[in-house]
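Here the chain labels run A, B, C, D, E, F, G, H, I, J, K and L in written order, and each chain numbers its own residues starting at 1.
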Amino acid sequence: MAHSPIKSPLAESDKEITGNALQATLVDLVDLSLIAKQAHWNVVGANFRSAHLQLDELVATARQYTDAVAERANAIGISPNGKAKTVVESSGIPEYPDNWQSVESTITGVVAALEALIERLRKRIDETDKSDLVTQDLLIEITQELEKAHWMWQAQQA
Amino acid sequence: MAHSPIKSPLAESDKEITGNALQATLVDLVDLSLIAKQAHWNVVGANFRSAHLQLDELVATARQYTDAVAERANAIGISPNGKAKTVVESSGIPEYPDNWQSVESTITGVVAALEALIERLRKRIDETDKSDLVTQDLLIEITQELEKAHWMWQAQQA
Amino acid sequence: MAHSPIKSPLAESDKEITGNALQATLVDLVDLSLIAKQAHWNVVGANFRSAHLQLDELVATARQYTDAVAERANAIGISPNGKAKTVVESSGIPEYPDNWQSVESTITGVVAALEALIERLRKRIDETDKSDLVTQDLLIEITQELEKAHWMWQAQQA
Amino acid sequence: MAHSPIKSPLAESDKEITGNALQATLVDLVDLSLIAKQAHWNVVGANFRSAHLQLDELVATARQYTDAVAERANAIGISPNGKAKTVVESSGIPEYPDNWQSVESTITGVVAALEALIERLRKRIDETDKSDLVTQDLLIEITQELEKAHWMWQAQQA
Amino acid sequence: MAHSPIKSPLAESDKEITGNALQATLVDLVDLSLIAKQAHWNVVGANFRSAHLQLDELVATARQYTDAVAERANAIGISPNGKAKTVVESSGIPEYPDNWQSVESTITGVVAALEALIERLRKRIDETDKSDLVTQDLLIEITQELEKAHWMWQAQQA
Amino acid sequence: MAHSPIKSPLAESDKEITGNALQATLVDLVDLSLIAKQAHWNVVGANFRSAHLQLDELVATARQYTDAVAERANAIGISPNGKAKTVVESSGIPEYPDNWQSVESTITGVVAALEALIERLRKRIDETDKSDLVTQDLLIEITQELEKAHWMWQAQQA
Amino acid sequence: MAHSPIKSPLAESDKEITGNALQATLVDLVDLSLIAKQAHWNVVGANFRSAHLQLDELVATARQYTDAVAERANAIGISPNGKAKTVVESSGIPEYPDNWQSVESTITGVVAALEALIERLRKRIDETDKSDLVTQDLLIEITQELEKAHWMWQAQQA
Amino acid sequence: MAHSPIKSPLAESDKEITGNALQATLVDLVDLSLIAKQAHWNVVGANFRSAHLQLDELVATARQYTDAVAERANAIGISPNGKAKTVVESSGIPEYPDNWQSVESTITGVVAALEALIERLRKRIDETDKSDLVTQDLLIEITQELEKAHWMWQAQQA
Amino acid sequence: MAHSPIKSPLAESDKEITGNALQATLVDLVDLSLIAKQAHWNVVGANFRSAHLQLDELVATARQYTDAVAERANAIGISPNGKAKTVVESSGIPEYPDNWQSVESTITGVVAALEALIERLRKRIDETDKSDLVTQDLLIEITQELEKAHWMWQAQQA
Amino acid sequence: MAHSPIKSPLAESDKEITGNALQATLVDLVDLSLIAKQAHWNVVGANFRSAHLQLDELVATARQYTDAVAERANAIGISPNGKAKTVVESSGIPEYPDNWQSVESTITGVVAALEALIERLRKRIDETDKSDLVTQDLLIEITQELEKAHWMWQAQQA
Amino acid sequence: MAHSPIKSPLAESDKEITGNALQATLVDLVDLSLIAKQAHWNVVGANFRSAHLQLDELVATARQYTDAVAERANAIGISPNGKAKTVVESSGIPEYPDNWQSVESTITGVVAALEALIERLRKRIDETDKSDLVTQDLLIEITQELEKAHWMWQAQQA
Amino acid sequence: MAHSPIKSPLAESDKEITGNALQATLVDLVDLSLIAKQAHWNVVGANFRSAHLQLDELVATARQYTDAVAERANAIGISPNGKAKTVVESSGIPEYPDNWQSVESTITGVVAALEALIERLRKRIDETDKSDLVTQDLLIEITQELEKAHWMWQAQQA
C-alpha cells in the first residue's frame, strides 16, 4: 500500500518524530516479550517457581503495551512493524543467553533488559514532548510499569 | 549450563528425534504468533474489523501452543529456544509483507502460513510415532486446531 | 457449490474414508441430541427429576461433539450435513418411543442409543487409523465421553 | 403411557387448540435450530465469520424457545414430540439446500425460514387468544425475538 | 399513614379490583414460600435429596414473585401486607401437615398447594383484564412459572 | 434510502399506528436517559449519594428500553430516530431545570418526568391493542418498570 | 411420622433442651424475615432508598440463619416447624404495624424486633451451654450478626 | 442554586477556562453517544453486523467519558449540562443523516464525527495546559481513545 | 527433623492433649474422604445419580477439614501425618466393602462411618475444653457439618 | 458525643471488660496491618517475591479482622478508636525497623509481631469468657488465623 | 541496609526532590485511610448507612494509591516509610475527633482532610514537573480521584 | 455384587489387561495425592511457601486424574478400588518420610514419587496399545501432565 490509508491528527514532522519513537518502542517491547518467555522456559534452580511465575507477568506486561503502542502508531498514520526480522535488526535490548539459566543469571539478564529499555524510553518521553502529548502520556505509563518491574527484579539481587 | 538439569523419560535417540520436532514446532509457532499480530495491526479495508478480531484469536492459539510445546521440550530434557534470532534463522513459515495490507492480501498471507505449518506438523506426527507417543498426542492436538483455523480462513476466499 | 472451497490436508482416498466416518458420526450425534431432548421432556415417575437433569447433560455432550465433528469435516474439505431429513435417512440409533415414558423405559431407551452409537464409533476409530490420526483422536475422545455416559445410565439399571 | 399423567389447568377443547399450537411451534423451532446449525457449518465467502457467528446466536435462540414450548406443552398436559422423524413430517419451514453456501445464499435461506415461521406464529397467537392467555404470552415473546432476528438478517440484504 | 403517599396511574375502581388481586396473590405466594421451606426441611425417604433440592427451587420462585407482586401493589398505590398474621387469615392454600413427611406425602402436599394457587391466579387474570393490563401481564408470568412447577411435581406421581 | 429495506410482518395501517407509538416512546426514553444523567450529575444536599446512585439505575433502565424499542421499530420496518434534535422537537417530558438542584427539587423533577411518560405509554398500550400485540407486550413491560420506578421516587416525598 | 427417623447424637434430656431452643429461634427468625420484608415494601420518606436496601440485607440474614437453625434441629433429631400458623402462635417479636410507615417509624420497629430477638437468643446461649456446644456455637454466631445489625439500625437513631 | 456549592481547587480564571473546555467536551460526547446509537440502529447492508457491534463499542466509550468529564466539572466547581437542548445548541459534531444508512455512509458519518471531535479536543488540551494539569490529563486520555477509534473506522475505508 | 521447628502457643501438656486430638481427627477425615470417593465410584441402582453427587459433596467436606485440622496441628507445633499407612493403622472408621454396592448398602456404609466419626469428635471436644479453646472451636465446627451430613444420609433411610 | 448512642446488650461491667479487650485488639491489628505493609514494600533479597506476596495476605487478614473487631465494639456500645496517634500510644507490637530489610530480617520482624499479638489475644480470650461469649468467639477465630500465619512464617526459619 | 539496593533511573538531585514528594504523599494517604476508617466506624445519625458506605470507598481509594506511591518510591530507589509513628510525626492532614460523630460532623472532617491533602498534592505536582514526569503523572492521577471525592463529599453540604 | 452390572465395550481379554492397568494407576494416583498433601503440610525452610503452594497444585492434578481413571474403569466394566488398605498393599510409589522435611528433602521425595509413577505409566501405555485405544489416550494425557510436573520439580534441584 503506497500511501497511508489513515489520516493523521499530527503535522508531518510531528508525525515522523512520534512515529519513530513508537516503532522503536514496539520493537523493544516485542523483544522483551520473547526474552521473558525464553527466560520463563529456561530458568532452573532453587527459586525456579517464583521466577518462572514472575516472568510470565513480565510477558503479559510486555504484550499489553506492544498492542497499545502498535495501535497508537496506527492512530497517527504509521504502519507498525513487529515481525521477527525487524526485531532482530533494530531491538535495543542486549542479547539473552541460550540454554537453561540459573535463577541468578536469569535475574541478571532481565534487569539488564529492563535497564536498557527504560533508558531508551526516557529519551523518547523527551523527544515526544513537543511532537505529541498523547503519545508521550502512553510512554510515561509504560515507563512507570517497567520501572516498577525493574525494582522488583533488582530487589532479588540485594 | 553444560548438561541438562532435567532427566529425560526417553532413551537418548528418541529424545533427539522428539526434541528436534518440538524445537522446530516451537519456532514455527512463535513466528506464527508474530505474523498474526503483524497482520492484526496492519489489516485495512471493508472487512477490517472481522479480520482484525479473528487474527487475535489466531495469536491466542499460537501463544497457547507455544507454551505447551516449550513445556514438553523441558519435560523430555531439551532446552527450548524461542528467541527472535532463532525464529529468523529456522522458521518454516513464508515471509509476511511489510506495511498495511488489504483484507484479501491478509487472508492470503495467513492461509499460506497455516498451510506451511500444517504440512510440517503432519511430518512430525509421523516422526514421533515411534519416538514418543506423548509428544505425538500434543502435535495431533495442535494440528487439529490449526486445520480448523485453516478452514475458517479459507472459507473467506470462497 | 460444485467443488470444495476448502483445500484438504489429506490425500483423496484418506479424505473419503475420513469424511464418511465424520458424516456418519455427525448424523448419529444430531440424532442423539434430539432423542435425549425428547426423553428429557417426556420422562415421568418417581425419579423424574434426576433423569430429567441427567438427560440435559447428555444433550449438552451430544451438541458439543456435533460441532467438533462438523468443524473437523470442514477442516478436511468435506461439507457436513446435519439436517433433519439426513438424520432420518442415515442415523444408526434405534427409534425412540413417542409419548411420556416411565423412568425405567427412558433409561432402557438411552442405554440402547448409547450402545449402538459406541459400537459404530469403535469401528470408525479402526477405519481412521490409517486415513487420519487427527480425526481418530477426536473419535477416541467422543467415545471416552459416551462410554462414561453409558456407565452412568447402566448403573441405574443395577 | 395410555393417558396423560399431567392434569391440565385447561378445559378439554382449550387444551386441544393450545396443544396443537404448541406442538406445531415445537417442530418448527427444532427444525430452525437444525437449519441454523447446518448454515453455520456450511457458509463460505468474504463475510464468512460474521454470518458464522450470527447463526450460532440464532441456534441459541431457537434452542431456548424449543425448551420453553415443550415445557409449556407438558404444563397443559400434552406430550411434546421433537424427534427427527416428526420434524421431517410436519415442519413448516422451507427446505434448506445441501452443501456449502455463499453468504448471500445463506442469508436468503435464513430470511425465508424466519418469514415462514413468523407467519405461522402470528396465526397461533390469534388461535390461542381464547384458549390460553399464558401460552399466547409465550408465543408473543417468541415472535418478538424472531422478528428482531428477521430484521437483523434482512438488514444485510439492503 | 392515613392516605396513600403514592399516586396511582389507575382510576379508583380499577385500582380497587387490581389491588385486591395483588394483595391476595401476595398472601398466597408468601404462604407457598413458607410451606415449601417447611417441606424442604421435613422431607425424608429414599428420594430425599432430589425433593429437598427441588423444594428450594420452588422457594426461590415463590420469593421472587412475592417481591414482584408487592412492588406492583405499591406502583398502583396499594400498601402490600405480607405479615404472618395476614397469611394465616387469608391464604388460599390448604394446610400442610406438621412433622417429617415421606417423599410421596410431600409431593402430594406440594401438588395440592400449586393446584389451589393456580386456580386462584387464573381467576385473577380474568378479573384484571379490564382493570390493569400491566398487572395482568405479571399474573400471567407467575402462572406460567407455577404451571411449569406443577407439571414437574406431578410428573413424579406418574 | 428511499424505501424500507425491512419487510414488515404488519399490514400498512397497523405498521403506521405501531410505528408512531414506538418512535414516540423512543424519543421519550432517550430524553429520560439524558434528564436522569443531568440530575445524577447536578444533585446536591444531605441525601446526595443515595439519589445520585438511584438516578444511575434510572439511566440504565431508560437506556435498556431505548434499545428494545428501537429494535422493535426496525423489526416492523420503521427507521428509529433518536438524535438530539428529534428529542428536542418531540419529547413529551417536561423540561428539567439547569444548574445544581437540591435533592427535593431533583425528586420533584424525576417524578414529573415519570408521570408524563407513564400517561403517554398507557395511551399507546391502548392504541397498539389492535395494531400489534407484540409491540403492546413490550410497552406493557416498559410501563411496569417505569411505574415501579415511579413508586420508588414518590416514596421519598412521603 | 410417629417417631424420629433421625438418630440424635445427644442424650434425651439434652436433645429436649436444645430442640426447644432451636424451634423457638426458628420461629423468631422466620418472623423477622417476614417483618423485614413487610418493612422493605412499606417504608416511605426522605431516606426511603437507603432503608429499603438495608432491609433487604436483614431479610437475607434472617433467611440464611433460618436454614441453619432448621438444619441443626434435624441434625439432633427434631422436626423443625416454620409454618405461618406456628409463627403467629409462638413468635417472640413484637407486632409490626400495617400500612406504609415513615423511615423513623420503620427504624423504631426494626430496632424493637432485633432487641427482643437478641435478648431471647442470649438466654438460649446460656441454656445450651450444658446441653450441646455445637448448637450453642451456632446461636453465638447468629447473635453476633444480629447485634451488628442492631448497632447499624440504632446508629440511625442518634 | 445561585452560587456554586462546590469549592474549587482552582483560581477563578483557571476555573473558567477549564470549565469551558469541560462543558464543551461534555456536549460533544453526549452528542457522539446519541449519533453512534442512531447509526447502530439504522445501519444496513452486507457488513451490517460487524458495524452494528462496533458502533455499540463506540457508544460505550462515549458514555464512559461523558461521566468522567461531568464528574471533573463538578470537581472544579462547575455544574455540567448535558440536556438534549444544550446538545442541539452547542455540539461541534456535524449533523448525522436521518433514516437507514448503508455501511459505507455510516462509516463516513462516524469518521467525520470523530475527526471534528478530535480536532476540538486537541485545542482544549492546549488551552488547559496552564489552567489545570489534572483536566488536561483527562482530555489526553479521551483523545487517545478517540484517535484509536478514528484509526479503526478509517481502516475500513482503505 | 529431630525437634519441632514451630514454637507452640500452648504449654507442653496442653499441646500433647490437643495434638493427639488433632492427629486422630486428621486420620479419620482422610479415611472418610477415601471411603466417600470409593462409594462415589461404586454405587449402582435406581437412585445412583443422586447418591453419586451427594457423595462428592461429602468428599469435599472431608477434604476441606482435613486441611484445616493439619494446619491447626502445625500451628500448635505438631507434625500432622496423613499417609495411607497411618490411616490404615489408626483410623476409627469401620471398614467399607469392596466392589459395587447398591444405593441402600452405600447409605448404610456412609451412615455408619459418620456415626463413628461424630462420636469420636464429641469426645475430643470435651478433651480440648481445657487444653485449647481454639482447637475446640474447630472441632465444634467440623462436628456441626458432619452431623448435618449425618441427618441428610439418614433421611434417606426413613 | 457525650454518651453512647448505642444501647448495649451487656451489663455495665461486662461491657467495660469486653470493650477494653476489643479496643486493645483493634489497635494491635491496625498496627499489624501497617507493619505488614511496611514490610511488603521494604523487603529485598533472593526470596523477595514470595515474601512480598505473603505479606499482602497478612495485610488482608489484619484489615479484615480490624473491621470485625470495630463492628463488635460498636455492637456492644463502645466507640472504636483506630487513629494513628492511638496506635502509637497503645499498640502492643514491638517496633519494626526502618529502611529496606533482607528477607530473613523481615521474617524475624513478622514472627515477633505475631508472637506478641497472639500472646495478648489468648489473655483476652480468658478475660471475655465471663463477660461476653460472642466477643470471645470472635477473638478465638482471630487467634486461629494468626496462629496459622505464625506457623507459616516460622516454617521459613527452619 | 546502609545504601539503596535499587538503582535509580533518576539523577541524584531529581531523586531527592521526587523522593520527598512521594514520601510525604505516602504518609498523607496512610493517614487518610486510617481517618476514613475511623469515620466509617464512628458515624451515627439519620444518614448513617449512606455515609458509612461512602467512607469505605474512600478507604479503598486511599489504600490503592498508598501502594502505587510506595511502589513508585522503590522504583526510583527510595525506601518508603508508612509506619504509624511516621504518620503521627509527618502527616499534613488535620486531626480527626475521637468518639462517635454525627453525619454532619463526619462530612466536615472528611472535607477538611481532602482539602488539605489536595492542596499539598498540587504543590508536589509543580515540584516534580522538572524532576520526574513519571511521578508527576501519578500525582496528577491521585489528585483527579481525590478532587472527585472532594466534590462528592461537599455536595452533601449544599 | 457378584457380577458386573456394567456391560463392557471390550472383549474379555482386552478388558482384563485394560482393567489391570487402570486399577494399578488408580492406586498410584491416590497414593500420590496423599503423599503430596503430606509434603504440603510438613515442608519447612526458606522456600517453604513456594513449595507449599506447588504441592497443592500436584494434589489437584493427582485428584483430577484419580477420578478420570476410576470412571474409565467403570466404563469398561471394572469396579475401581481406591481404599487406604488397597493403596498400602499395591502402590508402586516409594515411601515418603514422616515428620517435617526441609524443602530439599521434600523435593527429593516428590521427584522420586513422580519418577516411579511415570515409569509405570509408560509401561501401561504400551500394554493398552492393543487392548483399548481409549484408555491408552487417557494414560498418555496423564503422563504428559506428570512429566511436566516432573520437570518443574527437577528444575529446583539444578
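Simple rule for what comes next: contacts are C-beta pairs under 8 Å (C-beta built on N, C-alpha and C of every residue); 3 or more make two chains touch, one makes a residue touch a chain.
Note that the coordinates shown come from a computational prediction; the quantities given were computed from them, not determined experimentally.
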| item | value |
| --- | --- |
| Partner chains that chain D and chain K have in common | F, H |
| Superposition rotation for chain E onto chain I, Cα-based, multiple of 5° | 120 |
| Pair with more cross-chain C-beta pairs in contact, given I-L and D-E | I-L |
| Euclidean distance of C-alpha centroids - chain B vs chain G, Å | 62 |
| Mean-CA-position distance for chain J and chain G (Å) | 31 |
| Whole-Å gap between the CA centroids of chain E and chain G | 23 |
| In chain H, residues with contacts to at least two other chains | 1, 5-6, 44, 47, 50, 71, 74, 100, 102, 137, 155, 158 |
| Interchain contacts (touch definition) - all pairs | A-B, A-H, A-J, A-K, A-L, B-C, B-D, B-H, B-L, C-D, C-E, C-I, C-L, D-E, D-F, D-H, E-F, E-G, E-I, F-G, F-H, F-K, G-I, G-J, G-K, H-K, I-J, I-L, J-K, J-L |
| Of all residues in chain A, those that touch chain B in their complex | 1, 4-6, 30-31, 34-35, 37-38, 41-42, 44, 66, 70-71, 73-74, 79-85, 87-88, 91, 95-96, 98-102 |
| Residue numbers on chain F that touch chain E, as the complex places them | 115, 118-119, 122, 125, 137, 140-141, 143-144, 147-148, 150-151, 154-155, 157-158 |
| Chain I-facing residues of chain C, complex | 47, 50, 54, 103, 152, 155-156, 158 |
| Chain L partner contacts - residues on chain B that touch it in the complex | 1, 5-7, 9, 71-72, 74-76, 133-134, 137-138 |
| Touching residues (chain side chain F, partner chain K) in the complex | 43-50, 52, 100, 102 |
